[in-house]
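Presented sequentially are two complexes of chain A, the first with chain B as partner and the second with chain C.
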Partner chain A sequence: MALRELPFRTAAALCKDTRPAVRVAEPLFRRNASSEAAREVESSSSLEVPPPSEELVKGYDPLARSRLRRRGNKELPPSRYQYRSPKYYRGPLHPHQPPPESDPSSRLFQPGPFSLPRLEQTYQSTIAADLLTLTYQHYPPGYRAPKTDQRLRQWTGDSPYYKNRPLRPPRGKGEVLRLLNEPRTFRNIPKITKVTLHSMVPEAQENSAHMHVAGMILQAITNVRAVSHKARHNVVGWGLRQGRYVSVTSTMEREDAQDFLAKLIDVVLPKIKEWKGVPGSSGDGHGNMSFGLTPDQLALFPEIEVNYDAYPPKMIPGCHITIETDATSNKDARLLLQAIGLPFYGKLND
Partner chain B sequence: MNLSIFRPVLRPFKPQIVRPSSVFQRIAQCPQARIPAYTSPFSSTSRMQKRSKKGGGQDPRITSIRYHLSHPLTPRPLHFSRNRHLRHWTIHRAWMLFLRKRRWAEERDLERQYMSMRAACEHLRLLDQNGNRVSEQEAGGQGPDAGRLGMRGREVGRLYRSAMLKRGVWGSVPVEYARVQTDFPGREGWNHAWTRN
Partner chain C sequence: MNAGQQTTRRLAVRAGQSICRSCRDTISRTYASAAAAAVQTEDSISQHIPPVTQSSPNTSYGVNAGVVLSRPPQITRDLHPFESAFFLYQRRLNERLALPFTRYFYFKKRTPADLEWKRKMKQRLTPARDIGRYQGYGEEAWNDEVLVGANESKFEWQVEKLLEDAEQSGAEPGAADAPGMKKVERELFDRPKPRVTEADETNDTKSLNRALQRTLYLLVKNKEGRWEFPQDKLREENLHGAAHRIITHTGGENMNTWLVGHVPIGHHQIDYPEPRPTEKLNEHGAKTFFLKARIMAGQVNLKENKLGLQDFKWLAKDELKNEVDGSYWRSIKNMLTER
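For the complex of A and B:
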């Protein structure tokens, strides 16, 4: 390219000196042979904007303007755009508010989407409409849902400190407030929000190479930087010691998640011998489904298969895949995943 | 060993630039310019193999994985001049507008479908067995319970009740149906012999 441009550049450099010192302003209405044709193609052209009025041209003095700008202390920001959004959010009353997430100067800004994955297209054109049709529940016009009462427990007692306390969660260990199942409308059709890969490597407590290989494999598969996690408790049965790094995760959203799922469903799962499907017992009741892959199955991903030799075969980990959806129940989430192409087997967890 | 997969696609590989000052230093250190500063060891055995013989050596694959994990080739952050930033901002706003319009159009599509389903269900609910429309009091299905019968009993809204039963809906999507769209249809577009069981 540079060689091809060379004669033009030399010509331009030679012509630079021959140019007149004061250039005569060219008329805005320049008439070329092609202008008639352009008018036929395009009804309104930006070239046909009328020139500025005479007073405006006469009154325009760039030197005076720049002098005024300097004197009036209204200097434009420096040419390098140096605005940095605040690192921490300090509340709504703070004078420095971060820009919205969609602003390119925000720290949370993610560019894109740069592509429209096939799975996304299929969802928009087929799956969303199908799910809406399948799960539509009719309520006659004029029906108003009865108001649900408070599901959190009150603090009952004489203590004055109970006043204004936040309400108590449901009784029982591990009990959480279940999500409400709103009636299905065209606005709350379940869709996939996140996909998380999690790989637990307890051998990494002795040899960190296991952790590094696992992280590299997850990165290669998911296109997302892997995050390592420590063990929170001592678990003798699993050989975990508190505070040691034992697992890596990578969380995908948007295009990454769609691409990963398409790859998983179209390429990897069909290659697994006698894969029964996702166990029907999976699902946390809040629309998240998870299942596992063994090391042999993980090695079937195309990114690993093409350079299988780059990884020590004994260190390739297994992983758990958690698909998070917008659905509020296991049924809805399962229907969505089935429509995408994940079969379920065994007793279903509803 | 091909590790090019770890390299981001967008970033071209740049050969290391030799600074002139370092070249001069190297020449100054060794007066005979012909002799290179770094001489290769006499043995052709690579260092890694040599080390592993002593014991406790590391797999070269793990070494390279560690190297590439700790040296991510991240592109530098974007720094724009004022005009470039404004141009970028304009394009970004336009792109956001485009996305919003597309999302809006998709939602209107679904809304149209929802409204027509709603109208159809309402029509079925008030439908007699002879195809006549009955009044609200005679029809059933008031309130959240779709199976509730009205004054006329079972003969009104039979189709509506069977539709709202949702029998066989949950878990009904067969794997054969759940396929991602492709640019071109398959060689056999539709398997006519397929049955559920």
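For the complex of A and C:
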């Protein structure tokens, strides 16, 4: 109670003071969880505007009008009505600036979203609230989290160049700074951020057809342009030669990712015979989970089944699926994936 | 420490008795000078252990456990007309900007499937099956807006078009097939079930098949005739044990339920006008802690309930508002989902 009263009292005290009351008005607009939300700014919706009159609707045919105009050679001067985004960015001082990416006239514009995916709706209505309940950690009032000390190493020494230098990462090869596990609130409920498909085809070093088939399959499945990657080093054991193209990936976000996961979970995985689930050892400790599909499992995707004959059967690759979430631990990420319908088996990696 | 912070603390001190000690501590701690920090480290360590024992055991509240048993939404929600118009606009825009459909990768030349594709393309002008008759390339590609009263953006219309595409070959009804051509095999499929069920039409609030787009919550009528979530006094058990017991005592064994977590998601407090004496304590009121549960299968059966319940209903959030008391609604409304 006292906590709530404080701002009012502060405001009253400020009023009594001779100092100008800067934030007097603020407490009036404060909203508690129990009070009603502010009403909408616009009282009427533009959708409630009555539709145009009957004859206006009937007589409106934009195609016929345009054809009539073209027949009479009375076309609108194109230069005046068509805008073209500049092909090159010439700096912020150039008078011809490109429009923002969200503008359809921009060269970088990408249309979308095209739908509200079912998985997204389920997440919003059911999964998010359940995850919050499941991972909630109660701290009694008065609890203050112990302070985390500096995890980066200081530069110790006499050198004057050590001043204001960025701190050093942990010592040792392969050591990384683990993510902090913040207490769960409604703001940091784990969600799926990206899904990456990765297909390694070392045979492509001899015959590039493998690479083309893998790329086509990945594009068909994911609806995203596939990106090919070169081998970075010579690895004799795997037959890799530096600089040769060996793998393709495609990275999905938002709607594509949701659609892909829904398809995978509801259509493909149930069709696989004796699929045990995602291995419990999966997870990098930073909220990303991955598992693999074999070539004949990959062929079960409806996009490939529909024209299976178009792909040379020996060249269909397997792939790895990495689901990236913004969870900060394996446990939370696994909870999220279990909620959307991916089972785990074996020893769990925590 | 600057002047503004000092003022806040001074004001807080001036506010006097109405500030609880922990808040005052927080304020003074936050703005404490660095010199005092060394002294305070010992304080802060001791503060990790919160005070558990209460100084006055006489004032106490009865503790109840309640269960918010819900059925999550079963189908996607209806789109707002603006949303569906926006999605159609984006799809047509995509039709203009995307690379053309690679036809011969999917249909071999001079096959029945290829002929069917040609017929269908002639009718709808675009590879997409659910955006209506629209051509993304050419002179008239600018004409991507639908006219007043058009159905293209409606969800039902789009579903209908997809089904039509799956079950028809695009040929004229009277036209005979070319001789020697193989027939394209069509997959048989079930039409989707209607999104509005029989229970919706009769407004059967006891049915779990009603309002498939919303979350339904179990509301029961207790001994006094008040509508509320099933609840009971806590016995010698923990909260989630009590929740399991309440579920079976309310709805019988014929329910498959899942308790979401072991922590309460909300609470409701009632204060009695007169303290009621129990064995040792004076109860000044009762607090109900709600646990969340989901129903997977089955239905509530009140016939053998042990809590003296008279009736039950499955209600969505906004329907629930009209059934419960004002104060009860205020304490439960934030733990229920909008949809």
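Heads up, the rule we're going with is that the second predicted complex is superposed on the first by the 238 of 350 C-alpha atoms of A that agree within 3 Å, B and C clash if a C-alpha of one lies under 4 Å from a C-alpha of the other, contacts with A are read in each partner's own complex, and residues count from 1 in each chain.
Just so it is clear, a residue touches a chain if its C-beta (ideal position, glycine included) is under 8 Å from a C-beta of that chain, and two chains touch if they have at least 3 such contacts.
All values derive from a computational prediction rather than experimental measurement.
> Which partner chains sit in contact with A:D266 here, chain B, chain C, both or neither? Use first/second/both/neither.
After superposition on chain A, A:D266 lies in contact with chain B alone.
> By the touch definition at the top of the document, which applies to A:L134: first (chain B), second (chain C), both, or neither?
In the superposed model, A:L134 contacts both chain B and chain C.
> With the two structures laid over each other on chain A, which partner does A:P51 touch: chain B (first), chain C (second), both, or neither?
second
> Have a look at where A:Y60 lands relative to chain B and chain C in the superposition and call it first, second, both or neither.
Only chain C; A:Y60 stays clear of chain B.
> May I ask you to decide whether A:Y143 touches chain B, chain C, both, or neither, giving the answer as first, second, both or neither?
both
> Is A:Q121 touching the first partner chain B, the second partner chain C, both, or neither of them?
both
> With both complexes overlaid on chain A, does A:G341 touch chain B (first), chain C (second), both or neither?
In the superposed model, A:G341 contacts chain B only, not chain C.
> Is A:E305 touching anything from chain B or chain C once the two structures are fitted on A? First, second, both or neither.
The answer is neither, since A:E305 touches no partner chain.
> Looking at A:E206, would you say it contacts chain B, chain C, both, or neither? Reply first, second, both or neither.
The answer is neither, since A:E206 touches no partner chain.
> Which touches a greater number of chain A residues, chain B or chain C?
B
> Per the definitions at the top, what is the overlap between the chain A residues touching chain B and those touching chain C?
Touching chain B in the first complex and chain C in the second, residues 104, 113, 118, 121-122, 124-126, 129-130, 133-134, 136, 138, 140-141, 143, 306-307, 310 of chain A appear in both lists.
> Where on chain B is chain A touching in the complex?
Answer in residue numbers: 1-3, 5-6, 58-59, 61-62, 64-66, 68-69, 72, 78-82, 84-85, 88-89, 92, 96, 99, 106-107, 109-111, 113-114, 117-118, 121-122, 125, 141-144, 146, 160, 163-164, 166, 169-173, 175, 178-182.
> For chain C, which residues are in contact with chain A within the complex?
Within the complex, chain C touches chain A at residues 8, 11-12, 14-15, 18-20, 22-23, 44, 47-48, 50-51, 72-73, 76-77, 79, 81-83, 87, 90-91, 93-94, 97, 105-106, 140, 143, 145, 147-149, 215, 260-261, 263, 265, 292, 294, 330-331, 334, 337, 339.
> Once bound in the complex, which stretches of chain A touch chain C?
1-3, 5-6, 9-10, 13-14, 33-34, 47, 51-52, 57, 60, 62-63, 66, 104, 109-116, 118, 121-122, 124-126, 129-130, 133-134, 136, 138, 140-144, 146, 306-307, 310
> Once bound in the complex, which stretches of chain A touch chain B?
Touch list, chain A to chain B: 76-81, 102, 104, 113, 118-119, 121-122, 124-126, 128-130, 132-141, 143, 145, 185-187, 189, 209, 212-213, 215-216, 219-220, 225, 262, 265-266, 303, 306-307, 309-312, 315, 331, 334-335, 338-344, 348.
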